[in-house]
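Consider the two complexes below, in which chain A is the common component and chain B and chain C are the respective partners.
Presenting the complex of A and B:
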């Protein structure tokens, strides 16, 4: 077990270094000099040279990389060229928005998928199960970007019940000390603010959740139906328990493990989806900032955001693998 | 992934068949429209007329005759732009999909059959690729390569080859352990020869399924890149570009968003259903 964990940590580290190198090389091939964009028209050659030196862009690629790595080790991700603030501050300022959105989407996906799977199992071999299967197939076939647009049309324009842009109504006075608006509004018992934030977050979160909900629904239903044929389930039936009790209390606890593993892996795809969904809903999270950074050629910021995403992805994968190893007795030895 | 499965095999087969036909029909229609775009589009997709801005579709009051699906804010014909946008979508689907399949499948085949250091390098690369958020990666690549159709195709290939490599690698590993491979080797075929002649044909069905799915993904990626304004030049009609414009004016002119969105939705759905249908067809359990 320990050996497996160490090996996994080493490969994770290699992956992160690989990501850092690739981003570093790729964004330095970007045509268009970011320095030229920063200076007012009429700046002299010397001004350009001075700023280039300030951001370290005059050195060779390996030298730049080493300087960057040295900084990162000390928690310094450089300074954003457009915002002129430390990259780490900017990124950490936006991270809570993206985390809240992702977690909300995950919760919605589990609820929707769970309800679909349980209903499908309860009404198996009927038209209801058929309808759920068709809905699952549709939800899976179309990515979050298109669901987002459909939701904007349906619940932002046709029946305008939710907000379709931003994270919170701009005119509201926010008393928050952190950027975890959703969480903090609950802690402060400001339910008026909480409702406003949820009304902004619901559609983007739902758009992200729909494909994952379909996956959960399909897999959980499949393993539930398999479990329903096992002897111990039949036994509890002969004891006189009702169908609902049998599904929820007997079958579900045993059917849920494979789904849990899959949810972990799929969660990283969901986080990746926030980039375009945040853009679509003008939600002020990391992804939206990333797209702006690319358009503005803000090299240090792009670098910081991509690395942060990679860290989140690999961390989620690592946690999933370790949890699975811990939960599955067959993998506990030797792994 | 047998989505249907209500009763017996007959029903599954029939439904899967219908799904294949409907999807194929829609895609054939889109491809035909893309080919014939200059001849069947009722208007010039680039022609602007500010006096005809945001005209509603034909069945609503105030519609302008000749502009069936209305006009956008610059007075351009929505229908003609959708028809011309099909060209970009289909080109990206076919070209990017095929190149991605070729490169990804080759790498996957090599990793899965040759194993050793080849597998080590390719697997590690797949791990690194999986740690990138794909949308952000594609936007970054377009920023580097500059806008244009070629850049989009390159970006899709660079990002999505892992989809093929992962699956084909696993498949090649499974096939490599089979007796027919061993007997081919005993019969004197070289390693590369065995890989190409013996294993290659056996992973083709899998590649065909993945390729169909990849075409749908390519269409979406192009739309997303157009949406963030990084696709081909902003004048040329693309579904994603139209959607971006429609999103911005959704409260004033819903039709600018709805029609390209429906087209894109059906196309992506068709590619995906076609892929799933093919998967069922190739699946020996259902055969």
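Presenting the complex of A and C:
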């Protein structure tokens, strides 16, 4: 087990180095440099050279990379060209917003998917199961940003019950010490703020959750169906237990394991999906910042965000693998 | 858990209550004006970095900071922090009189020192101002009473126009030196109509009215500007009552909603045009002229932009100083066919070239180019469309590697011909596309022309020459759509800046 962990940590480090090299090179190779965006018409070649030197872009690619790596090792990811703030402060300041949104989306997806799977299993081979399958298919076919637009129209315009932009009402005074607004509002028992934050987060979280809920629902329902035919489940049925008991107490604990693994992997995709959804809902997270950084060719900020995303992805994958190894006896004993 | 009907109803009511917490009521009188803005604000320093030259952000800056000279909604200059300005007799010095009795948002007095320091700061190459090449034409800034004097290193007839253009803002010397660049980003102060109350990057800025504003306290005490970059989301914001004012939405949406709420659509200083590069078939004047004559601009405006646009035939709009209505390029497809025939081309043997365009960067940009390519096809021009990002356009233009034709939009909120025709068409500029020697010789003397009337006439002659030789194809002046709640009266600004202090209660 320990050997496996060390091996995973080494591969994780190599992955991150690879990501760093790729992102550094790619964003400098693709068309559009920040100086060309910055200089107005009328600027001379000397002006181009002056600003290029000012932002350190006049050096060779390896030299720029070396300077950047040296900074990263010391915790300095550079300074954002557009925001003129340290990159690390900017990305860490936004990370909590994106994490809270992703976790809320995950919770909603698990709830919706779980209810769909359990209902489909309970009413298997009926019209209800058919309806759930159709709903799952629709949820999967429509991309999350389109769900976002539908939700904005439905619950922002037609029945305006939720906020459709931002993370919190601007006029509210926030007593928070961290950027984990949702979590901290609960800790401080500020349910007024908590309700306002949830009201802002609910629609983007739901838009992110719907496709994932469909995946969870389908997989869990399939696992439950297979488990329902196993001998021990039949035995519990012959003992006289009701169908609800059989599904929830007997079948579910075994059927849920593959779904849990999937949820872990899908969580990383969920964080990736926040890029578009945050933009659509003007949610002040990392994804929204990433789009601005790309539009403005803010090279240090793009690098910082991509590296942070890579760290999150590899960390979540590592946790999922280790959890799976811990829960699965065959892997735990090296079988 | 037993989920009976009563419990379900209770849960539903609780959910609805939670959802509605804090939602603004659509029909209420407006206490706090909320604007859904189409861009985010990356940085608070209006003089350095990419934000400083982003025209769409200037409205945010002008809410907090004052420019040296005030620009009125019709683009004309007016006394602002400077009450008088001009050159000396031989134009070797500039003299500027500074308004008295103005205070910064922190209560400290605004002085001539602030003006001199602000000018010297952006003239310093180390500051990183993208417009240093303009500000650097003045040097040795000094203060005499409430007058600021500077020596002219190189005469620039537009220097005072830059004082109400990009980066032309006055910053607080003492405060900036005390808090530094980072401190200023965290807590910016200006002399403008609004003070920054709260700023969440990428989310919103909350502004409080400056009670001591020299131009009079604004109508709305509190203004929240939300950064809603998606056009559909912006429309939803005003339709749901979450915001009171928004801008830049599809014209179809504007037409649908303007009767229901309120709307203004006015021309702004932003034009759509097609750069022609002096390469390949574009070196043939017949091809260029045929391309220009075969575009039915008015029909494109009417069909694609719902009529929201003003046809133009030079790079000057009617508000600009060198606008000359006598310069026209008619829609004449028959003449275009004749010209192409003279060069050996026709519908059966079309002249071929590539046209580049953005898609979605400006309203209906790609669709307009599609329509133009369709019109060209009828006269014997076969153009292949290449879609690229705006960043790639800048890079290709700077390297003089644009395709023979390239769609672009050009902003010029000071309306001077130098910052439209000049920068767009002067070959040696890295941002120009046409490099013809004849045009360079015509434009060259105008950069430093001291006689203003002669200078403007010179630019008109340049525009006429460009039109007669089809060296660029101007298409239209854009119209900016603004939707607003019935309780607000919005005054549009021809620069395109949406300014909350120009908004009044209905």
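Heads up, the rule we're going with is that the second predicted complex is superposed on the first by the 307 of 335 C-alpha atoms of A that agree within 3 Å, B and C clash if a C-alpha of one lies under 4 Å from a C-alpha of the other, contacts with A are read in each partner's own complex, and residues count from 1 in each chain.
We adopt the following convention: contacts are C-beta pairs under 8 Å (C-beta built on N, C-alpha and C of every residue); 3 or more make two chains touch, one makes a residue touch a chain.
Everything quoted here is computed from the prediction, not taken from an experiment.
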{"item": "Partner chain(s) touched by A:288 [first = chain B, second = chain C, both, neither]", "value": "second"}
{"item": "Which of chain B and chain C A:199 touches, first, second, both or neither", "value": "second"}
{"item": "Touching partner for A:179 - first (chain B), second (chain C), both, neither", "value": "neither"}
{"item": "Partner chain(s) touched by A:47 [first = chain B, second = chain C, both, neither]", "value": "second"}
{"item": "Contacts of A:227 with chain B and chain C, given as first, second, both or neither", "value": "neither"}
{"item": "First, second, both or neither for A:98, with chain B first and chain C second", "value": "neither"}
{"item": "Which superposed partner A:297 touches (first chain B, second chain C, both, neither)", "value": "both"}
{"item": "Touching partner for A:19 - first (chain B), second (chain C), both, neither", "value": "first"}
{"item": "Which superposed partner A:156 touches (first chain B, second chain C, both, neither)", "value": "both"}
{"item": "Common interface positions of chain A, toward chain B and toward chain C", "value": "31, 149, 152-153, 156-157, 164, 279-280, 291, 295, 297"}
{"item": "Complex contact set, residues of chain A against chain C", "value": "31-34, 36-48, 50-51, 54, 80-85, 90, 93-94, 149, 152-153, 155-157, 160-167, 169-172, 192, 195-196, 198-199, 202, 279-284, 288-289, 291-292, 295-298"}
{"item": "Residues of chain C defined as touching chain A within the complex", "value": "16, 18-23, 26, 32, 36, 40, 42-43, 45, 48-51, 53, 125-126, 128, 130-134, 166, 181-182, 185, 198, 200-204, 206, 222, 224, 226-230, 232-233, 236-237, 239-242, 388-389, 391-392, 394-398, 410, 418-419, 422-424, 429-432"}
{"item": "Parts of chain A lying in touch with chain B, wherever the complex brings them together", "value": "11, 14-16, 18-19, 22-23, 26-27, 29-31, 125, 129-130, 133-134, 136-138, 140-143, 145-146, 149-150, 152-153, 156-157, 164, 218, 268, 271-273, 275-276, 279-280, 287, 290-291, 294-295, 297, 302, 305-306, 309-310, 313-314"}
{"item": "Residue ranges of chain B touching chain A (in the complex, touch as defined)", "value": "1, 3-7, 124-125, 127-128, 130-137, 139-141, 143-144, 146, 216-217, 220, 223-224, 227-230, 243, 247, 250-251, 254, 257-258, 261, 264-265, 268-269, 272-273, 276"}
